[in-house]
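Each chain gets a letter, A, B, C, D, E and F, in the order it is written, and its residues are counted from 1.
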Amino acid sequence: MIRSHQRTPAQIRPVNIIRHYTKHADGSVLIECGDTKVICTASISEQVPPFLRGQGQGWLTAEYGMLPGSTNTRMQREAAKGKQSGRTMEIQRLIGRALRAAVDLKKLGERTIQLDCDVIQADGGTRTASITGAFVALHDAIEKLIYQQLIETSPITDHVAAISVGIHQGVAVLDLDYIEDSSCDTDMNVVMTGNLGIIEVQGTAEGNAFNRKELDTMLDLAQQGIQELIAIQRKVLLAK
Amino acid sequence: MIRSHQRTPAQIRPVNIIRHYTKHADGSVLIECGDTKVICTASISEQVPPFLRGQGQGWLTAEYGMLPGSTNTRMQREAAKGKQSGRTMEIQRLIGRALRAAVDLKKLGERTIQLDCDVIQADGGTRTASITGAFVALHDAIEKLIYQQLIETSPITDHVAAISVGIHQGVAVLDLDYIEDSSCDTDMNVVMTGNLGIIEVQGTAEGNAFNRKELDTMLDLAQQGIQELIAIQRKVLLAK
Amino acid sequence: MIRSHQRTPAQIRPVNIIRHYTKHADGSVLIECGDTKVICTASISEQVPPFLRGQGQGWLTAEYGMLPGSTNTRMQREAAKGKQSGRTMEIQRLIGRALRAAVDLKKLGERTIQLDCDVIQADGGTRTASITGAFVALHDAIEKLIYQQLIETSPITDHVAAISVGIHQGVAVLDLDYIEDSSCDTDMNVVMTGNLGIIEVQGTAEGNAFNRKELDTMLDLAQQGIQELIAIQRKVLLAK
Amino acid sequence: MIRSHQRTPAQIRPVNIIRHYTKHADGSVLIECGDTKVICTASISEQVPPFLRGQGQGWLTAEYGMLPGSTNTRMQREAAKGKQSGRTMEIQRLIGRALRAAVDLKKLGERTIQLDCDVIQADGGTRTASITGAFVALHDAIEKLIYQQLIETSPITDHVAAISVGIHQGVAVLDLDYIEDSSCDTDMNVVMTGNLGIIEVQGTAEGNAFNRKELDTMLDLAQQGIQELIAIQRKVLLAK
Amino acid sequence: MIRSHQRTPAQIRPVNIIRHYTKHADGSVLIECGDTKVICTASISEQVPPFLRGQGQGWLTAEYGMLPGSTNTRMQREAAKGKQSGRTMEIQRLIGRALRAAVDLKKLGERTIQLDCDVIQADGGTRTASITGAFVALHDAIEKLIYQQLIETSPITDHVAAISVGIHQGVAVLDLDYIEDSSCDTDMNVVMTGNLGIIEVQGTAEGNAFNRKELDTMLDLAQQGIQELIAIQRKVLLAK
Amino acid sequence: MIRSHQRTPAQIRPVNIIRHYTKHADGSVLIECGDTKVICTASISEQVPPFLRGQGQGWLTAEYGMLPGSTNTRMQREAAKGKQSGRTMEIQRLIGRALRAAVDLKKLGERTIQLDCDVIQADGGTRTASITGAFVALHDAIEKLIYQQLIETSPITDHVAAISVGIHQGVAVLDLDYIEDSSCDTDMNVVMTGNLGIIEVQGTAEGNAFNRKELDTMLDLAQQGIQELIAIQRKVLLAK
């Protein structure tokens, strides 16, 4: 088994995070994980959804999309079809939950942060790249709120990053690309904090069921990969 | 902490499965897990979706819904709103994946089994009850195919059942009802086979992140609960 | 011509009404008319639609649906299709009009009662069974309002029940099942009050036109059937 | 009670039917019943819906709409809202059923006649005017088929016309205009053939329930009105 | 090349404008340009869209539709399809922009004028006929506002009319009918004021690109045609 | 008046075109016109829409979208709203028409080229940048067809590019950015070929009407700008 980017089973793909990628959104990031490229923006609005009005807390939500030309075979445009697929809905709900876990919504105040993750090139792991990149966009939007003196201290409680892991041809592998993802037996997405707390685990047996030992091996790999990703986030955020 | 039905943290709610609940569908089951009640039907059609035509294999898919009056506060009818929610889509995709894992689609032949899980009373765990009940409806539909001599042997490879587990007030608890589900820190749904293979693990930290040890405790509880559920499935299927 | 349940042309099917069928809705009924089974729930909300705000009166409206597996051949799920069929709309408008005729909306106060009629098994006459069952659910919801001292006296002015009648193979028959309904020349749905006032008459010639004498015979049959249904409603409501 | 057009309770409004009103459709009629004006077109297509293919018979269906400016207060455009209202669906289903009752679909051959009834000015009775006018448009489309030698003899079996009747301030009145319709206790639409066979009866108590005697009086009035309408249809169709 | 209505290349089709065509809308016009017939209504409502609230100015917007039977081959009804086509949206946006250019929205006050242009017979140039006719309907609605003393002076700043022009078989022709429109190389729609100011120019090469000289010739023709249309508008508006 | 990028009225913004921007689509380009950035992809499929089947010719069509975070204030995601706006439809129809004018569809063979233009950063002129960039993506997709020997010679007949021009504060200006576009009196988009043939002219008076002389000045500017854009296209396409 030869992996893309000459990787061993336990290696993640090269990661590149570009901050301030576009100029309008409050936070804007291009994240590249190997050949997967996602634009993540964070937009602040000074209101909250109806169910939260007057409760002195904020909200954070996410949407996800893929450019029609981002995939191997062109995907139909969801705006033209008139509805988002179940997969899209599932992913954007996951991104929202993952990032909310990193924010103290009370400290955010009565405002909403809207994250948008749009895949411009897909090669596996678009949902996990979205989460890892959206964290940086979120950070930059929060920094702007602080700079504008709208809030005093950051409501971000910890880093959040995500990675996929799977059993491919009997071997546990970290950070699957599209070819691995399409042919693996088991696929698991893990979201963790900088503190190594687990926020989300979603493991699915595509072919054969997996056992507890395989689950443990995959979680070990995921934890290591997320530590690397968070180190990259930290480094990128130190730069001005 | 007093649990509904005077349960200990490791106990599941009383389960009742009624086969042949309605008369038209090829398989039809009412499953009651405590106060959660779901009608699961399996309908066979002698064709497959376009992407599978001519490949000599079958398909299995699922849809999920809640009656508007099934919940504490009336839910808006999705047919009237004109779209299914992200939650609905996520759940029906999960049910479909879980049951496909129990079927050898090649042995099914070029036909589709459509599972419908409709909640008539909700009290937590509707998606896991749907999976456990749908397995029985699926079994009865397959039995009908064999009886009609459309297939010779059953394409079902193993039992499948599902249960929720969570960390509630610091304690790992099995089979959460609605009140527990709404207030727990972590909520995990687990789908396993009769052989104790894991088909799906979906764990989410609603409040604080959880650690590997908590994950292990929850998986132990889930495994035990699923064994009980499969024992109930077996008993129900023995009866004529 | 042999009718289901060994009935004469003028006999209705066995009727069974179970109150308090599910636990969340303010009124909840399972009605069985022969093999037709409908869950009818009534949900109270303390607001009225915009066009009635501030006018000191209440509102009552209804929605109708069929579980996909409730029919002979599986029906497509309307929530998945993204729209309700013309037939569904027609039926839910009929149910709403019929029940509004039984309620003094001024006495209800500024609140809305939402009726939901969901067919879990269909064998003809689902819309009339819905009306007959929804009346009981409505009654129970109103009783709850009185019990909670939100209103003093019941705004219900009279019983309401409904039945179908038709000309089948030249004979006027009461309470058609699916087979009769599919093959009859004329099909009529009648809604009446306990006082034998007519609320709605909808007669359609599917094949040959019908004449005034046939119309009269059908109305006589319908009146008799509705009297029997209202007697059953009364008996069920006496029970505690 | 003074009625529009100085009518007695038993008089219909002045009726005007203009054939060949527009040039593209196979049949095209403007019908004016008092101030109610409807354009009815009939369009032939040489195919049938999937459920009828290869069965050697034709189909007839109808659609209904109102121009936004046709009503007292502007109605929202259904095309812009993205869905047809329940009222619209109910009406177009009625028009289709009514006209199908006038046609031997076997004799029509494997083709579809699509009727479109679009209200350009509304003053009550738009659905009945649509039926009465659509019959003439249908006739002209059929005549064209005969002229083109696509069919030999007309599949039309009888005239069809429709009228509304109601109880207004205690008096049975024929052919209600908008003001009468909005304030009447009971409103009934009746569709009959030239032979005085009843095709459809739809009576609704908007306020108080009505009794059998009132129903009879209304049916007598309706029958008389429909006879007048059919006389007008005959006269218009004699003209070349 | 023989043109419909025995026209020379520079001649417009016979135009007929009937005011007060229907009775409910505040302005209502039937415009006939040759065989193209459009009903244009103007409806006033005493509110503005959210984005203009409290700004002391009015709004004007337009919608466009075609009756299904208005075209050579029946068009699908957009209300039934559940969405307006791109062509429809493009046209109604054009009509709205064109008429807004004729109105001082500040002088209109905080109210909205909704224009509806519905084609009852199509033979080319429906969007330009809509603009020319909608101007007259707008004028009549404004006159009603003045008559009701809701505004003092007319906010209409100038006449607005529109015409199509094209290059057909190498010749520049004015006011194309459907056959010319379908087969021309270049098609241009021009909207101008009474003062010969250009409000909108939309020229499209369907086949070969066109050059500046051809553009100039077409604009000359359009200007002449619009002058004739505005003369007709003036004459019609003088009549009481 | 100071223009962005220190431009004179007749200067276009700096243009940058990156070919092969993403790896999956058959042609993929990032075009930057000042701060406006659009990803244009071209995807080939080996079939044509139903209306062209069996006619020995190909098809080309376009879709357009904006990332939610691409604009000053976040735009709602059209996929989430469930429909494309009128503006989006208008723009994608324009892009499709413009590029079809550059291709001999007969020489393309029975295949479809789908262009997708997705704005990642908007600063005015997104539709014209889309056309100019899409031409290059189209070129690269065609080149791939030739390389794969699916066609022998290129069906592209000429370059196509587009630019906006307007009257801003009384001065004719070329290539408007967002601020100029929002406040100009007249806005015109022009599409031309390498041969200076006009494919599309769309001029709109947002405020005051414009006259023939202003139109001429704007067309002169546009022609000059398009010549510069086509020179850039040529240069980019020479590079390997």
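We take it that a residue touches a chain if its C-beta (ideal position, glycine included) is under 8 Å from a C-beta of that chain, and two chains touch if they have at least 3 such contacts.
By chain, with names taken from UniProt: A, B, C, D, E, F = Ribonuclease PH.
Since we're looking at a predicted model, the values are computed, not measured.
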Intersection of contact partners for chain B and chain C: none
Joint neighbours of chain F and chain B, given as chain labels: A
When chain C is superposed on chain D by its C-alpha atoms, the rotation angle in degrees, nearest 5: 180
Between A-F and E-F, the pair with more C-beta contacts: A-F
Euclidean distance of C-alpha centroids - chain D vs chain F, Å: 50
Whole-Å separation of chain centres (CA-atom averages), chain C against chain F: 59
Residues within chain E bordering two or more other chains: 82-83
Going from chain A towards chain B, every chain in order around the ring: A, B, C, D, E, F
Interfacial residue positions of chain E with respect to chain D in the complex: 22-25, 28, 35, 37, 39, 41-43, 45, 63, 65, 67-72, 74, 77-84, 88, 114, 116, 118, 120-122
Chain E residues within the chain F interface of the complex: 83, 86-87, 89-90, 92-93, 97, 101, 188, 192-193, 195-205, 208-212, 215, 219
